[in-house]
Amino acid sequence: MALNMDVLLGFFHTFLTQFQTPTLAFLLGGMLAAALGSKLDIPDAIYRFCVFMLLMRIGIQGGMEIREGDIGAMLLPALFSAVIGMTIVVLGWLTLARLRGVRMDDALATAGLFGAVSASTMAAGMFMLEDEGIFFEAWVPALYPFMDIPALVLAIVLANLYLSKKNGGSGQRVAIWPIVKESLQGPALSAMLLGLAIGLFTRPEVVFEGFYDLLFRGLLTVLMVTMGIEAWQRLSELRKVAHWYIAYAFVMPIVHGLIGFGLGYIAHLLAGFSPGGVILLAIIAASSSDISGPPTLRAGIPTANPSSYIGSSTGVGTPVAIAICIPLFLILGQAVFDL
Amino acid sequence: MMNKAKKVVVVTEKILLGKIVDLILAAGATGYTAVLASGQGGRGVRTDALTGHGDIFSNIRIEVITVSDEVAQKIIDQVIAKYFNNYSGIAYIEDVWVARRDHF
Amino acid sequence: MALNMDVLLGFFHTFLTQFQTPTLAFLLGGMLAAALGSKLDIPDAIYRFCVFMLLMRIGIQGGMEIREGDIGAMLLPALFSAVIGMTIVVLGWLTLARLRGVRMDDALATAGLFGAVSASTMAAGMFMLEDEGIFFEAWVPALYPFMDIPALVLAIVLANLYLSKKNGGSGQRVAIWPIVKESLQGPALSAMLLGLAIGLFTRPEVVFEGFYDLLFRGLLTVLMVTMGIEAWQRLSELRKVAHWYIAYAFVMPIVHGLIGFGLGYIAHLLAGFSPGGVILLAIIAASSSDISGPPTLRAGIPTANPSSYIGSSTGVGTPVAIAICIPLFLILGQAVFDL
Amino acid sequence: MMNKAKKVVVVTEKILLGKIVDLILAAGATGYTAVLASGQGGRGVRTDALTGHGDIFSNIRIEVITVSDEVAQKIIDQVIAKYFNNYSGIAYIEDVWVARRDHF
Amino acid sequence: MMNKAKKVVVVTEKILLGKIVDLILAAGATGYTAVLASGQGGRGVRTDALTGHGDIFSNIRIEVITVSDEVAQKIIDQVIAKYFNNYSGIAYIEDVWVARRDHF
Amino acid sequence: MALNMDVLLGFFHTFLTQFQTPTLAFLLGGMLAAALGSKLDIPDAIYRFCVFMLLMRIGIQGGMEIREGDIGAMLLPALFSAVIGMTIVVLGWLTLARLRGVRMDDALATAGLFGAVSASTMAAGMFMLEDEGIFFEAWVPALYPFMDIPALVLAIVLANLYLSKKNGGSGQRVAIWPIVKESLQGPALSAMLLGLAIGLFTRPEVVFEGFYDLLFRGLLTVLMVTMGIEAWQRLSELRKVAHWYIAYAFVMPIVHGLIGFGLGYIAHLLAGFSPGGVILLAIIAASSSDISGPPTLRAGIPTANPSSYIGSSTGVGTPVAIAICIPLFLILGQAVFDL
């Protein structure tokens, strides 16, 4: 897994090429427009519809292919996904939370959001792999909840233990099921699970190809513009909190992605997890939640300041995951697996 | 024919709507009216209701009419005690006159 | 028209197959999601746009084909549609309204809604026929207002006569034209009439195929998810009213459909109405209005409790029409017409 | 410089907006302000304005400023008499101060 | 425990929101709450917030709680002087009671 | 450039054919529906999304073709566009503003709006040219801001000079940059510039063809319905203002288009501007702004009555530009250039 000169050059080339892919360009375009004070605005209804379409498309495809596929192969990667999600939270607790000026509950909420998953970053990664013609198992996107939920649950549990101890309590137990339920009931995961069920149990081929898949890429570009605008707006929230959040949000997606890549590689050796799957797992790990994570955390860790965690994730984490991590793990995968 | 009553107004984060409604009804009020809102206060600008995405930055403005001063005060006290340490929000009371006293 | 064993078996087979069609699956998926407490939500703007697209598509196609077709053939089915709509109201008056705990005005409003038409159920029926390769005249969907308006008008007139008599009045006349006008001006019928006009008088082929028809099926699935969520929500309203509404809403769509099938069959014998047309007429008769009927009734019979009629129609009537009546009248048509 | 006036607030079903506005103007008021609302009262939850579909389950909150106590009372009385038997709704009055008396 | 305060309400054209917020904060208020509105007054019907397209025909209803009578009066005076010659709008004041006096 | 009998006949023929094109039919359909009291309503979110899609599509295509094209050729038409925009304002000042019962500031605001540009009228013109197979340079739509901004700036500056003098002021200077900035930051121009940048610097071909271009025509028809409804609503505002506005709004789009055609023809002679470009420039000149102009004017000339200028432009100007000017300048171009 040597990172020699060629790999570096290759990285810069892939990196530059990725800057020309529409996905990233639309994200940066949205950020730039917002930065220049543009009143460009994607209506909220359209944004929510794009998210619905995206996750239905991912879900339906997953369901259709699982129907024919070998679900057993999913076991190890699913386990590893949960490990990754929880490791990210623990890492945040060991790093960000120790830094001067950073409150424990804010840090844990932030780590929870980075352990959770961004559906749009994942979708952008899927496209990139499809464009490069790199195969991945259709169930890989379905690993999403296996990483998302443990990360959110662990962050909320740790924060509540901490707060309860701080307030002189004996660290009473936090109910876990309500957090899991709230995650699964959120609009993003619900849509993906609905899509999965429809893909598994019905014959949605015609409507999948003629509608959900047809509009998928286009709607992702609309989503990217929105996320770019949102990123810029949230970035300004970060000014109010400790600068460490910017450093964390810039560096850690890469670290998280490497952890994902490493565990994915082990699954490759042990269980034949595909190279494309390894790359996608790394991207999922690198991503941080924008849509479904924040409300769960706002309810679960009410004392945490949303400016800190949403600013970190939406303002810095997601642009870094899309602009840096996607090309990075592509080139890493190509080097490691000789693709 | 008009009877004195109190109006309690709570402006807070939209994600609290369900919990605050429970609190209001538990306090003994007969109903509430809610409208989407944006705003600004001690905890910064909250404007997504008008221009942005995601409920988490939206406000909700809830008003409750009650003929009982105690119910009004209870809502104010409980909302402040339970939520306003951790969530943005304000609450205030006004005098109003209602025609159908038994409705409230 | 014998309902022998084969027909029954065939029914169950068709029935099970229909459960695998995306249309129904999306409806049930939406209901299930709502039942499980999911926050899945299709924005209102998207829902209204789907309705617009659906009815424009139906209207334009109707208009384009009427342009070439024989409009005279529409006369008898149109007359029968009006008869069906009014018969359904009278039936409701003779059955539901007599039941213990059911108020006359609530019963008439409910019967009015079941006499009226659901555009999305109709669209789901059109798809099913297209998928099965069964021909129907392009103007059949344009029968919609001929059934919808007489049903609503009759329900409102009867309810007002009843209320006026009950209040000691002499049963003064109810103005009919405002009710008709309000129906025609509603967003659903307006869109269909606009589509019809555009199909009749202009050359919309390119935009029809490349946009309205292209997106039709996909948007119908989105509409179905929405209607499923809505159905679940409205079902809970029914808890507050007499249980008879549930029985009525479950059984009568089948009865109404059979009336539609019967009259359609007569039109088949007398005027060569196509077998597909007969099936579609039965489905239209079985359907109950979700979108345009309720506001007209709310204004026309203000004393009626909307929970009763909207709960019955949206919560029970529409799922029954889509899940049971569509496959039922398909198999009935196949048996009767040897398709 | 500020003059006493009355504010009448009516919260009711959205489909009544047009009729209530006619009633308000006929009663002699110079204008109104309306906002979409959701809520709950004696006739159950009405929340479509925030989460659902279809106008029929939405509320509207209408407020009218008038310098005439009679106009205010007339609006209250007529709205209750004409609509609140069959439609959900509440109405109440508040005291306000306006700067430009002749505007209302 | 409740303290007297003033509520200033301004209903005006939506495109003025930003400018009026600046004016409110400059006058010394600690915050505001805004909701989308439609309405009708001396300058005709303004109903796009509920049914139409384009911000230019929408209203916004802004409310400000302040414990200072001077701040309240200043907002009223300045809004009227600066904007209500050329833009549609009304403004009025109400009495309210707030629990957390120092918040406003 | 003789307007002989043949040209007139040809005009009527083209004119009638245009009435059958969906674009115009949808506009008139929307107007008719509104006139008949229909509650047909396109949600605001959909309307804004259509505008976004339209301008992104125009921008991306422009950007992609400019990438390969000769940007120098744009210079003269861009200069002429600015001249047209300003001439229209001066013309309004010399005509409309002098009429009895017309206030100077209202007249200047109206002239500013007619000097500005309507993206949807421009798009309808582009389609018509594409349908007729008439070539135009891909950068022609990018002339939009060159006409739009000078017109708005000049109208606002003149109005403020006038008001300042009237109020006894010495006619102090009006800051121009804020007006330009506000125009560029508006949602319409922002979307077009974002599209241009994406077309220029990235490779959006797949998403352009499979999404933006695919949905373009269809969404334009939805936009046309909306604009028809809006036109009818705004028309009623005109009742409150001097009748001269109707006359101005009816006649001047034709005059403005002729000025555009004339200057375009000069650019054709001097710099080889294409015949299609000349026609499109005339249509752009004939169009009047609906989306982005009004807010800029409301802020820039606060004393002007929006009923007068929005009523004139949206209620009369746009229908005239689409229904009369598009076929008129097509037939004129065909006659002049022997197409």
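Letters A, B, C, D, E and F name the chains as they come in the text, with residue numbers starting at 1 for each one.
One rule holds in what follows: a residue touches a chain if its C-beta (ideal position, glycine included) is under 8 Å from a C-beta of that chain, and two chains touch if they have at least 3 such contacts.
Because the structure is predicted, anything quoted here is derived from the model rather than measured.
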{"item": "Furthest chain, CA centroid comparison against chain A", "value": "D"}
{"item": "Computed distance of Cα centres, chain E from chain D, in Å", "value": "19"}
{"item": "Computed distance of Cα centres, chain D from chain A, in Å", "value": "47"}
{"item": "Chain D-chain F separation of Cα centroids, rounded to whole Å", "value": "41"}
{"item": "Cα-centroid distance, chain A relative to chain F, in whole angstrom", "value": "43"}
{"item": "Residues of chain D engaged with two or more neighbouring chains", "value": "35-36, 94-95"}
{"item": "Contacts with 2+ other chains: residues of chain F", "value": "41-46, 48, 214-215"}
{"item": "Interchain contacts, given as pairs of chains that touch", "value": "A-B, A-C, A-F, B-D, B-E, C-D, C-F, D-E, E-F"}
{"item": "Residue ranges of chain C touching chain F (in the complex, touch as defined)", "value": "43-46, 48-49, 52, 181, 184-187, 190-191, 194, 197-198, 201-204, 206-207, 210-212, 214-215"}
{"item": "In the complex with chain E, residue positions of chain B that touch it", "value": "9, 11, 35-42, 49-50, 59, 61, 73, 76-77, 80, 84, 90-95"}
{"item": "Touch list for chain C against partner chain D, complex", "value": "41-42, 44, 47-48, 226, 230, 233, 237, 240, 291, 294-295, 298-299, 302-303, 306-307, 310"}
{"item": "Chain B-touching residues of chain E, taken from the complex the two chains share", "value": "2, 5, 7, 17, 21, 25, 30-36, 65, 94-100, 103-104"}
{"item": "Contacting residues of chain A [partner chain F, same complex]", "value": "19-22, 25-26, 29-30, 32-33, 36-46, 214-215, 217-219, 221-222, 225"}
